[in-house]
Every structure is written in structure tokens, then in C-alpha cells.
Amino acid sequence: MNHMWASAVSIELYKIFRRPRTYIGFAAICFLVPLIQIALYVDGETYLEFSLQNLKEAFEFQGELLNGYLATYIILVTLYVHIPFLVTLVTGDLLAGEAATGTFRMILTRPISRTGLLLAKFTAGLIYTSLLIFCMGLLSIIMGVIVMGTGDLIVIKNTIYIFAEDDVMWRLIAAFGFGLLAMWTVAALSFMLSSFAENSIGPIMITMSIIIVFIIISAIDLSIFRTVKPFLFTSHMGSWKLFFEEPVNYNKIGNSALILSAHIVVLISVTLFSFRRKDILS
Amino acid sequence: MSNSTIIEISDLHKSYGAFKAVNGLSFKVFKGDVFGFLGPNGAGKSTTIRMLLSLITPTSGRIKIFDKDLIANRSTILMKVGAIVEKPDMYGYLSASNNLKLLSRLSGYVATNDRINSVLLMVGLSHRAHDKVKTFSQGMKQRLGIAQALIHEPELIILDEPTNGLDPQGMVEIRNLILKLNKENGITIMLSSHLLNEVEMLANRMVIIDKGKVVVEGDVVELLSGDKMKVTIGTSDIDKANAVLIESGLGHEILKIEGHEIQLQLDQSEVSKVNALLVDNGVQVDKMVPVRSLEDYFLSLT
Amino acid sequence: MRKVKYIGLVMISWLISFNHFAFSAIPNPDLILQEVKLKFNTVKDYRADVKIKVDVDFVKIPEKSGTIYFLQPDLVRVKTKGFSLLPKRGMNITPQNLLGVNYTAIWIKTDRYEGVEVEVIKVIPIDNEGDIILSTLWVDTDKNIIRKLEATTRDAGTFVISMAFDSPIEGYDLPSKVVVNFDMRKNEIPLGLTGDFENDRPQGAKSKNTRGKVTITYLEYSINNGEGTAYFKKKK
């Protein structure tokens, strides 16, 4: 059965990568990443000047802040809205797509159990997501270093952090790692919604709507929203930024990681529970 | 023919709220059968087949395949079962051979290229092996559907309206294939259809259901013998054929003559005799198509 | 009569010597500062390997290694690896640029600073051109060095420079550690750079004054070897 499950994962990956829509995500990254880097290369100095102009009254700046690491950091910030969409394009279709094309009748009459098939599909979805994030990270860092070189990294929050050049790479890698967990949560949500739908548009739209609504709820400072905020997965998706503080609050990061993991477990459990009982009528 | 039971359905029920789609169904399919599963539209055939293939969960009742409970032994059972459920839908963005490769792997079977080619040849699609399925006609998809049911060398094949969408030539080819698989490979076949004459041509046993219940079950010949059916004979020499039939005392059975076709009413046992009679008398028989309607048969039962 | 004359003589002598001693016990601030300048002028140039630690409320920057180049009379340049923030005030204070303008020096008192006896002198620039409007110096007259400096600027508050001389360099007495404390306005930090939607800065955390500190630790000097000269020549 393990062999059959492994075989099912490779089949699902094969199906994912034979579909043109899969390459939309990679194409978007190959477009978005260089675009941001070129924009920063051309206009980054002006942007930095503007952002730090108040500081220049009191401080003299020495050295270069505009470098590939800063570009990579800014690219990471786009994880918030852009990459979730590229993830759901594929993961939202994993089950709904089969219902839409009628191929459930072909695959669910095979010996592989529904649990095995579901987990194989979800695993394939996670692999796709991981490849997407990995490509984004690799392209950001490599292109950034080639175009703008390396240097210290400035991160502006309510404290300005400047990280020494040799203290940046591990933070970027850790941040991408955490970002991956966040995107896995998005994948799990869209996968669950996909199990209830007969075509993929619904899961994609609903997933993005949920993310946007939750972000808005987090941003509005009403007491009722404040109670709910710690439990929203979107509140924890951005915890990769905690790697860009000194000292790093590992407790908070660990807490966010746990909450995101719990979301994944719950979402997949709900999917399993409903899908195993579902009558295939399409 | 062995009497071991391949499929055993006992008191099967499926309800959707107040609506009973299957209402206490019980029948058996034996090893080596070509088993006709008949019923008018809405009788519960599709629901029953989906329950047999675990696409739908029964409300109550028991299904045993290969003498094993389906729910408890689903994986081991389905490794030996091939099926088409309604319209066979494939992955349009993949080629025919890639579809077969993929689906056979999900059955735990590694299909070699030789195996894929031989199955595609069996269903008449070897010339389209590498074409994307989205370019296929409905009939070609139907053939590919049969191919995916066969690819992993099953012991039981469940076919839901297998000749649906095929041209007459295709229908004949698929029917011959079904008979060949049964006779030469010993595969048990359960064939669902609303066409009585198709079942009559292929099946040795059958069950007819209506409103989720069994109406009649048994040997095809026994159930249908003594029951006359309409036979359409196509010939270019209509006058000569007419004359031969009248001369042999079958003139009263002629129902109508239209263009190059004569329609008679005959017993099943008389069909081959009439064919031989015409041929011996120099009449070229282009076709001989028996037509027996399920509705007529129902009426005859009541 | 003789007795009266004698007492009178003693009293006059005592008065004269009292006056002499009284007036010669108040240090001359101009002289003291002149000695300081002269002492410092023996350093034509230097290159120093340093570590720079910036300690500001809302800035976290790691300790940086760097090099300070100096060329008489008042050229100072700090070079660090990578990016660094250096406070504008206090980094390039030398006796020359502090005492090079017309000023009035007032001796305040003798005091002790870090266990060393020092003369506290206030320096008030006479012309209005410079940024510094008042400075207070704690001068070690034994070595003719400034141990502490407090300066009030025209519109940027005060800064204090404290110097330690733990590794004495024969003849030059350059500091081993310099700590610059300065006033800072906590500026509004723009969010736009990193698109931070989650910045949970507390409400009302607007501009308020805070103190900053820069600590420069001098690890190694290369004095009067021409390195400072060569550096500034290259810069031209």
C-alpha cells in the first residue's frame, strides 16, 4: 500500500506538471522577482533616501544599503497576497478539477483508498507549493546578488534593524522556510474547499477572499476583532518577519508555527472526514 | 461454467432522503457470466453500479465480490475489477497511452508499452495512442474507456452502456470484444444497458430492475424464449427476399417492407434459420438486426 | 615703635604673598587649553583600528569594525565594513576644531573625574558661526588631555564625549575608548519601505526625545606614520 501511495503521489505530480496552469505560478515568479529587482536597482536609492530622510538629520550614512538582500526581503513581503493566489491556482483544482472533468469515476474505482488518494493529492500539492517557494527564494537571492550584490540588510519596523552581511543569509533561509509553512496552510485551505466544489473557480476565489477578509479583520482595531485575531492563520503567516529582529523571538515564531500546523491538521482532517463519506455522483 | 459467485448483492438499499433509489436489491453474478443488468432510465442501475464500485455508500445491505465483503476488502477486490461508469472521462490533456499508463498504476499494475499497445489494438485505437484525449470523438473516448477497464487484466469487468456513442460498426466490434474477453480470457462481465437486444446478443444471464427492485432474474434464453422479436433484414434484392419468405410460409410474419428493408416477427431460434434460407436461395443479406424492446418485454411480463 | 614697624612689615609681606598665592592658585584656562592643543598637535596624523557600537533607542545595529583616519588640523574620517550609522554630532570633535575659533574660556573648578584630578573649564565661542554654543571641558592638566567634553549645540541638544585612556601611548595619550552621548528626536518611521501591514507600533508613539550613545573602542593606533595623510590625499 505504501508503494501504491508513493506511486499515487508521483502520478499526481505528473498530472500537476502536465497542466499549463501549473506554469502560471512559475512564470509569474520569473516575471515578478526580476521586475522588483530591476525597479529597486533603478529607483531603490530614491526610495531609501525618502524612507530614511528623517534619520539623516541625526546620522551620517556610510556604506550601501541597496543590495540583493534588501531586494529579497521586499520580495518576501509579496508573499502576503500574490503567492497565495499562485498556490491556490493548483491546489484549489486538485479535487474540484477531478469532479469537473468526471475523472473521479475513473480514479475512485481504483484500489487506492480515498484516504490514500487524498493524502497523495495533498502531498503533491505541498510539493508543488514547496517548489514554487524554493524557486522564488533561489531566484530572489541569486538574481539579487548578481544584480545588486550583497551587503548589510536594513529592516524598518518600529525599530530600525541593520543586520551585518554575514548575519543575513540564515535569516532569509529561515524566513523562506517559515513562509513555506504559511503557504502550506493556504494550500490546505484551498484543498479542503476543493473537496466541496465541482469546479476550481470556487475554491480559488473563496480562499483568496478568506485571506483578504482575515487580513482586514486583523488590521481593524476593534475589541471583538482583537479577541479573534490570535486564532486567524493570517495573523501568523507573517511571523517570518520575526527572523528579522534582534534578538529573535523564537517563542513567538514557534507559537505561530504551531498554530499554522494545527490549521493544516484540522483542515486536512475535515477534508478527509467529508471526502471519505462523499457519494460520487458526478 | 463454474458456479462460484463473483458478485453477490443482498438486500441492497440506497435512499436520498425520502427517495429510494435502490430498494431491497438482491442478485448474483457467477464466474464466467456475461451478466446483463437491465432496467429503464431511473431504475437504479447507475446507483447500483456505483455502489458496487464503492463510489456510493449503501444505506443498508451487503455487497460481496470475489466472496469478500466490499467495504472490508475494497482494495484487494478493486485490483481485480475494471469498470466504466456512465460516460468515461479521461484526462484530456494527456494522450491515450499516458491515460492508460496512469490509470493502470493506480490499480497497482505496471502496464508495459506492449500491454498498452495490445489493449489499444483490441479497442481499435492503436493509431491514436499518442494523441491527446481532448481531440477524441465521443466514440473514441468510449473505446478508451473500455481500454482502461481492461488494462490491468481484471477478472471482473463492469460496463455501463459500453456501446453508447459508437457507430454501428463500432458497436459490433465492442460486442465481439466483450464476447472474446469472456470466452477466451474467462473474464466475468457485468453489462448494464437499457437495450434488451444488446443484452440478448451478449449475455447468458440477466436481471431486470425497475424502481430499485428486481423484476426478473435468470437465464437469458429461458427468459426470452417463446417471446417473438422484431428482426429487420436489409437486402438489395427486396422482391426476391419477399418471395422466398412467402414461399417458406413466413409471409404472415412480415410486418413491413420499406426501401431495402423487410421487418419480420420471429422467435430467437428462427433468426439463424431465416438467414440461412435467404442465403441458400441466392438472396444477398446485407444485415439482419433483431430488435427487442425492453418496454415490449415489460408489457409481456404483465 | 620698632615693634609696630616690624608687625606692619610682616602684615604687608603676608598680604602681598597672600595676594600672590591667591591669584596664582586659580588656573589659567587659556593656558591650560593651549597646552592641550600643543599636546594634540604632536599628532600629525593617525590611523586607528576601532570597534564602533551604536546604542540608540529605535536602531539596532551590530558592533562594527572600522578604521578612523585623522589628519591635522581637523580632518576625521570613519570607515566601516558594510553599512553603518554614525551620529553627526560628536564624531569629529578634535581640540583643534573645538578650540580653533575665538572663544572665551572660564575656569570653573577643580574636580575629580574617573579618579583623576581635572580642571573644569567652560568654553564660549565668541562668534556665532559654529554649531556649538557652549562647551564644558574636563581637562587633565597632568597629561594635557581632555577627559570629558559636554557641548550644547544650537538646535540639536547636547552631547557628551567621555574618554578613557587605559592603554597609554607613549608621548601621545590618545584615547582607548570614546563614548559619545547625544540627544535624539525619535522620528516617525515610514512604513512604506517594506510594506509592513502588521506593524503594531503602539498608538501615540510619536516624536519624543531620547538619548543615543556611540562607543568607539580604539584597538590599535598607527601614529605619525603617514597613513592618515595618505588616506586624505587619496580622497582629494
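When the chains are written out, they are named A, B and C in that same order, and each has its own residue count from 1.
Here is the rule we use: a contact is a pair of C-beta atoms (placed from the backbone, for glycine too) under 8 Å apart; a residue touches a chain by one contact, two chains touch by 3 or more.
Just so we're clear, the structure is a prediction, and the values are computed from it rather than from any experiment.
Chain A has its Cα centroid nearest to the centroid of all protein Cα atoms in the structure.
Looking at contact counts per chain pair, the maximum sits at A-C.
Ranking every chain by how far its Cα centroid lies from the centroid of chain C, the top place goes to B. The centroid of the Cα atoms in chain A and the matching centroid in chain B are 50 Å apart. Between the Cα centres of chain B and chain C there is a gap of 103 Å.
Counting partners per residue, chain A has no residue that reaches two or more other chains. On chain A, the positions that touch chain B within their shared complex are 1, 4, 7-8, 11, 14-15, 18-20, 101-113, 277, 279-281. Put simply, chain C touches chain A in their complex at residues 58-62, 64, 78-89, 91, 156, 182, 184-185, 187-201, 205, 212.
Per the touch definition, chain A reaches chain C in the complex via residues 47-48, 50-51, 54-55, 57-65, 73-74, 77-78, 80, 151-152, 154-165, 167, 215, 218-219, 238, 241, 245-246. By the touch rule above, chain B contacts chain A in their complex via residues 50, 53-57, 74-79, 81, 83, 85-94, 102-103, 105-108, 148.
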